[in-house]
Every structure is written in structure tokens, then in C-alpha cells.
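Per-chain residue numbering starts at 1, and chain names A, B and C are given in the order in which the chains are listed.
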Amino acid sequence: MGHKSEEKLIIDGKRLDGRALNELREIDMKVGVVSRATGSALVRFGNSVAIAAVYGPRELFPRFLQQSEAGILRVRYNMAPFSVDDRKSPGPDRRSVEISKVIRSALEEVIFLEEFPKATIDVFVEILQADGSTRVTAINAASLALASAGIPMRDLVSACSIGKVDGQLVVDLNGKEDNFGETDMALALQGSRKNVTLLQMDGVLTNEEFEKLLNLAKENCIKIYELQKKVLKENYKRF
Amino acid sequence: MEEKYALELILKGKRIDGRKFDEFRKIEINKGIIKNAEGSAGVKIGDTEVIAGVKMNIGEPYADTPDEGILIVNSEFTPLASPDFESGPPQEDAVELSRVVDRGIRESHAIDMEKLVFVAGEKVWINFIDIHMINHQGNLLDAAALAAVAAILNTKIPKMEGENILRGEYEKELPISHVPITITVGKVGDSFIVDPNLQEEKILDSKLSIAIREDNTICALQKQGVKGLKFEDITQMIRIAREKAKELRELVQSGD
Amino acid sequence: MDKEPSIEKETQEVIKEHPELKELQIVLPGEFLDEKKGRKVGRGAFFEGEKVFAKFLGVPRINEYEVNVLPLSGIYLPNIGDKIVGIISSTEVSGWFVDLNSPYSAYLPLAEGVDEFVDTQRTDISRFFDVDNLIFCTVSKVTKNKTVQVSMRDYGCRKLLGGIIIKVTPQKIPRIIGKEGSMIKLIKLKTACDIITGQNGVVWLRGENKAKAIEAILTIEKESHTVGLTEKIEKLLGE
């Protein structure tokens, strides 16, 4: 974030990959990709690809972690070593720890955890290819995986990234825009209740720019929510 | 239990220590308290206490920013500060706080990194800001961010003799371009409170930490907590943060 | 997931002409089902004020008595009265722990498993049930914290000898049994197997032609929500 770039990222209102400012990348969503898991999904935004698998509710060990009133949600976000340009050493680093935490907070409220005391619902997300906005791609995949796992939920969660690149406000930042743009922001929304469950931003924004980005985020999260619904309904079509 | 009582009170419009919803606890900032550091500050917000120290070293710049110095911000949840902190690798709360404080300083361009270069691509100043928690009575994030800013305002660049750094002798002040202040606003029911203490932190529905520069721009945002926020809540919380940031900025800039 | 656009269109036409088919379509977590209107809200739905929403990805069941959703997938959560196939996981002094294929395991007290008087000081009760034995039993108790107890007292409860077990999604068991047991009767008849289906998703089979029975059961599990399944299974078994 904030590194200077030699080249312009937006020329004549079009981004380097040909998109308009308010255009999402090409999106692919599939469910049931990990047959051993209770539920799973793969989500692709342009070249960013995330696979999410849900196991559980299942017994939680060690016992002292168990909560007698409700189950817990555990999330592990991890980037595969080959997902980025410069190989990333395997295993959690501070960034993955933080992202795992915020993804968990983004998903927890919609799950009826009170129906599974002493149990855990484990969500694993692997980033297979990273080209910007991996945490929101992860949330979109996790949301689909949870629904297809038959986890009781109040809503689906949809997420997108927005930001400021070359002074302009854009949607769905790719890797270059993420690294060389002025600001990037991630937002997750409960699809029908419209509560914001993830909000992170870094860069420099005036209040006006920030409010505009909030609106852009809301609009696009709703688009993504419609896509998620479509994928789930089509995958389980009855006739 | 105290947390339940704190919650009851807030829902009735009061706080457990009698503060108003938009009132911080007593803030004390003491700069230059660590002799061997190039800059330092101790901050107390109520009984929450943290100490930040700045050390400067010389090294190679990052490959993609050859004409900038380096900034490394680290926070330690020292076990002495709370019975809940353990020795060993940082737990997720510590990692998160560390990274949010880092972003507040980094994204705001508080330090003018271009003025910290000896030879572009080869030799630059590296700034280490280390923040140690000393006592955890709630709102560590705001205290840590405040201490970091106070410490860099207090930092002086050491003199050089040839290749050696002359510790203890100083050339000039660290070039500061902006003063970011981080304010955490908590939501409980329909109310917003600032500077949640230890009990209040446990009963918050959610909280939003906002880093604001002196020109009122927002440079970092982090939502924490399980419950969702309405869009109107976000707007409100930022408005509240902006006002409090002004107050804290005056405090941190005075007494130099 | 390529399909000819005309099939989608035809489906929509069929639904338009037969609005009652709409209820055969899938609903998603958080989707609005109906107004409560004094009816019971089933375990697969939740309500806020007068509005009832789906808790699961599944099939809606909306009639004059209740508003509910049957989940398409998930894990087994024990309920009192469930008839299940359990696996003895350990032998204690005066009872056994039973694996229910659930995040929660159950306890079978000695008195609930054995009719005769047993002197626990002198007897090693593993002579009645030993680790890995299969039992067909009833869930007799489930507390708020999901402490579960089972009993062998009911008619039909017994140790299952020989045979093997397969695990299927518990929510598919009703489909595997079929209306008034028609589906499972068909499978038993055509394969000459003894089959017991536990509501916990564990199915016990014994007989020469187990493989055919398993194929039929797993096909039902995979395609339980489609129309035209019965004919497909009849064909499969007829070979």
C-alpha cells in the first residue's frame, strides 16, 4: 500500500485490465468442490482464487476450549506458497492471523452457534492464487461453503473491496491496484439484513470519498449476494 | 459480575465509572522517559498504561522503495500487563492491534520517509517503533497508537561519525509530516461510547477504530467484534472519532 | 455448468402454470418464507416479529400448520425419540459410550441396555456390548448442554450382528426410507438384504447383494432433491 508506481493505473477512465471504475472482475463460483468436507466452495474474482471447506459442527478438542452455552467458529485463512509472485513460506504469518480473525468476526453473527454447545464449526480457506482482494474472496467462498454444509444461518455474507487508485474511486482491486493505489478498503455485508460485519481500510480518504466508497461497496456486495444465491439455487435445482 | 452491571448501566445511559459516553479517562503523556531510546513516550489512559520506544538503525531500503527509509512497528502484549497474556508467539488480538497501530502511522505518512535516505537504494534510516503494554485496563489500541505518535514526536535522529551511529548525541528531530490519532468507538445497543474500559470492552456489541490525521482525512479503519454495524452507525462513529481525535492531538502535541 | 437456456425458460413456464411447484424449489438461509399467521415455526426456520425466514439451504414446507425448511445437508443432532444405529466407543463400569455420528456422543447406562441383574463388581460388562459393536437404540434423553443418553428398552432395539455400516447425510434418511417405507422396502426386496436405517444417518446392511443396495442408497443421497428419482432407482435395482 502506498508504494509509488511508475505507470498510470487508470487511463481515460479505463483500468489497466480494461475495466470501468465500477466494474467487478469476472466471477466464478462453484460449490461442492471438496467432497470430504461437510460443505465447500471455490470462488474466483479475476485471478484471485479461494477454496473454502467447512467441517462440522464437530466435537471440540481440547475440552477446555468448549463453551457450554454455544458452539464456536474457527477460521483459518492461509495463502498457498505458490499463490503469489515471490514464493511465500508455508504456514501462518501475522497477516494471515489477522485476516483469519476478521473473517471469523465477519461470519460469526449469522450462524446459529447456540444450537451447537460444546462443538466447533471449522472453516478453512486456502488462497490458491492471489491477485488482490483475497480476504473478501475468502469470505464469499466461506459463506457459500457454510450454506452448502447445512449450517443454520440467519443470512448469507457477501464481501467486496473498494479503493482509490490514481485519485479515482474503484471497485474490486486487483493485485497491482492494491499495491500501488492510494487506498484500499474491504467490506462484508449480511446480504439481506445489510449489516456491515467487516470493515477495514488503509490509505488516505476525505470523509466525502469515504462515504462514496461505502455506497460503492454496498451496491457491489448486493450484486455479489445475488450471484451467491443464484449459484446455490442452481446447484441444488430440483428439476 | 461487573460486566453485566456495566451493560445494565450503559443501557440506562450511564457508565460504570461515571463518565459520559463521549468522555475519555484521564490521559497522561510523558515523553522522553527511556534514556537509551532515540525517542520514547509513556501513555496512561485511566489505568491502562503502555510505553513506546523508538530505535533507529541503518540498513538497506526495500527493493521497491529505494528512496525511502523503513518503518517497523511492533506491539508486545507483555505477560506482566494482564493475567490473560501469555509468553510465546503473539495471539490474534496482539497481532491485530500491532498491525492496526502500524497502519495508522504508516498510511498517514506521519514520518517523512524520503528525508531518511543517505544513499538511495543503499543506505537509509530504519525506524523501529516498539510498543510494550504495561497494564491492561481496556482500550489498549488507542493507548498504543497514542504512545507511538508521542514517541515519534519525541524522536531525534542520532549524529553519525563516519559509519558509526553516535548514540546519545543528536543531530535533528525526526521529520514529521502528519499527526494521526486513533480513536476506538464502541457500540452497545443503540449507544456509542469512547474509550471502553476493561469491563465495557467485554460487553460491546462491536467497535470501530479510526485513525484520523490533522487534516481530518481517515487513514486507517478496523471494525472489531461480532455484531454487524449499520451504515448510519459507521458514519456516526467516524464523526465521534473525529471530535475526540482533535482533543487527543492537542494533548500529544503540547508539552514538547 | 452449461445448460441450454431453453430448459431454464421451460422450468419458469412450468412454475408459472403450477404455482404449487414453487414450493419445491430451494430456499437459502435468510430467505423470507411467509408471515407467521399463528402457525408453528419449524426447526428449519426462524422468525422475527411476524416474518418467518429460512435457517437452512433446503426445501420449504409451508402448509396450514407450520412454516419450516428441510435442510439438504448437515450433521446429526440428537433428539429425544430418534431411532439410531450407534457404535459402542468405550466400555465403562456401569455403562457404555456410544458414537452417534454426531458432535455429541451418548451414554448407554447398564440398566437401559441389559434386562438381567448384573453385579458390576464381578462382571465385565463388555460381554454384553463391546467396543465397535453396533446397536439399534432410541435416544432417551437430550439436555440443554447436549448431554445425551440412549436406551435399548424399546421394541426392536438390539445388537446388530454381522453386516456393515455406511454413513449418509442424516437429512437424506427420510428420502431413503420413502413414503410409508416404499423406497427402502423396494431396495430390501430387490437386493434381499437386511437393512436398518438410523435417523442419525448410519445405515446397517447385511446380505449377499450389499453392493447394489449401497449404490441405490448413495444415489438417493446424491440426488434426493430431484424429481424422477424413484424411477431412476427402480431402473438401477431392476438390472
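The definition used in the following text is that a residue touches a chain if its C-beta (ideal position, glycine included) is under 8 Å from a C-beta of that chain, and two chains touch if they have at least 3 such contacts.
A quick note: this is a predicted structure, and the numbers were derived from the prediction, not measured.
Undergrad: Where the centre of all protein Cα atoms falls, which chain's Cα centre is nearest to that point?
TA: A
Undergrad: By mean C-alpha position, what chain is farthest away from subunit C?
TA: Result for max centroid distance from subunit C is chain B.
Undergrad: Return the distance between the CA-based centres of subunit A and subunit B, expressed in whole Å.
TA: Subunit A and subunit B have C-alpha centres separated by 27 Å.
Undergrad: Counting only Cα atoms for the centres, state how far subunit A is from subunit C in Å.
TA: Subunit A and subunit C have C-alpha centres separated by 33 Å.
Undergrad: How many Å are there between the centre of subunit B and the centre of subunit C, using C-alpha atoms for each centre?
TA: 54
Undergrad: Two-or-more-chain contact residues of subunit A, please, as numbers and ranges.
TA: Where subunit A meets two or more other chains at a single residue, that happens at 190, 193.
Undergrad: For subunit C, write out the residues touching at least two other chains, lowest number first.
TA: Where subunit C is concerned, no single residue meets two or more other chains.
Undergrad: Which bits of subunit A are touching subunit B when the two form their complex?
TA: On the subunit A side, the touching residues are 1-4, 94-95, 97-98, 100-102, 105, 108-109, 185, 190, 193-207, 210-211, 214, 218.
Undergrad: For the complex, which residues does subunit C have touching subunit A?
TA: Touching subunit A: residues 1, 11, 24-26, 28-32, 44, 46, 53, 55-59, 71-75, 77, 103-105, 144-146, 169, 171, 225-228 of subunit C.
Undergrad: Across the complex, what residues on subunit A touch subunit C?
TA: Of all residues in subunit A, those touching subunit C are 30, 38-39, 56-60, 68, 110, 112, 115-119, 147-156, 190-193, 229, 232-239.
Undergrad: Flag every residue of subunit B that touches subunit A in the complex, lowest number first.
TA: Going through subunit B, the ones touching subunit A are 64-65, 90, 92-93, 95-96, 98-99, 103, 106-109, 208, 213, 216-231, 234-235, 238.
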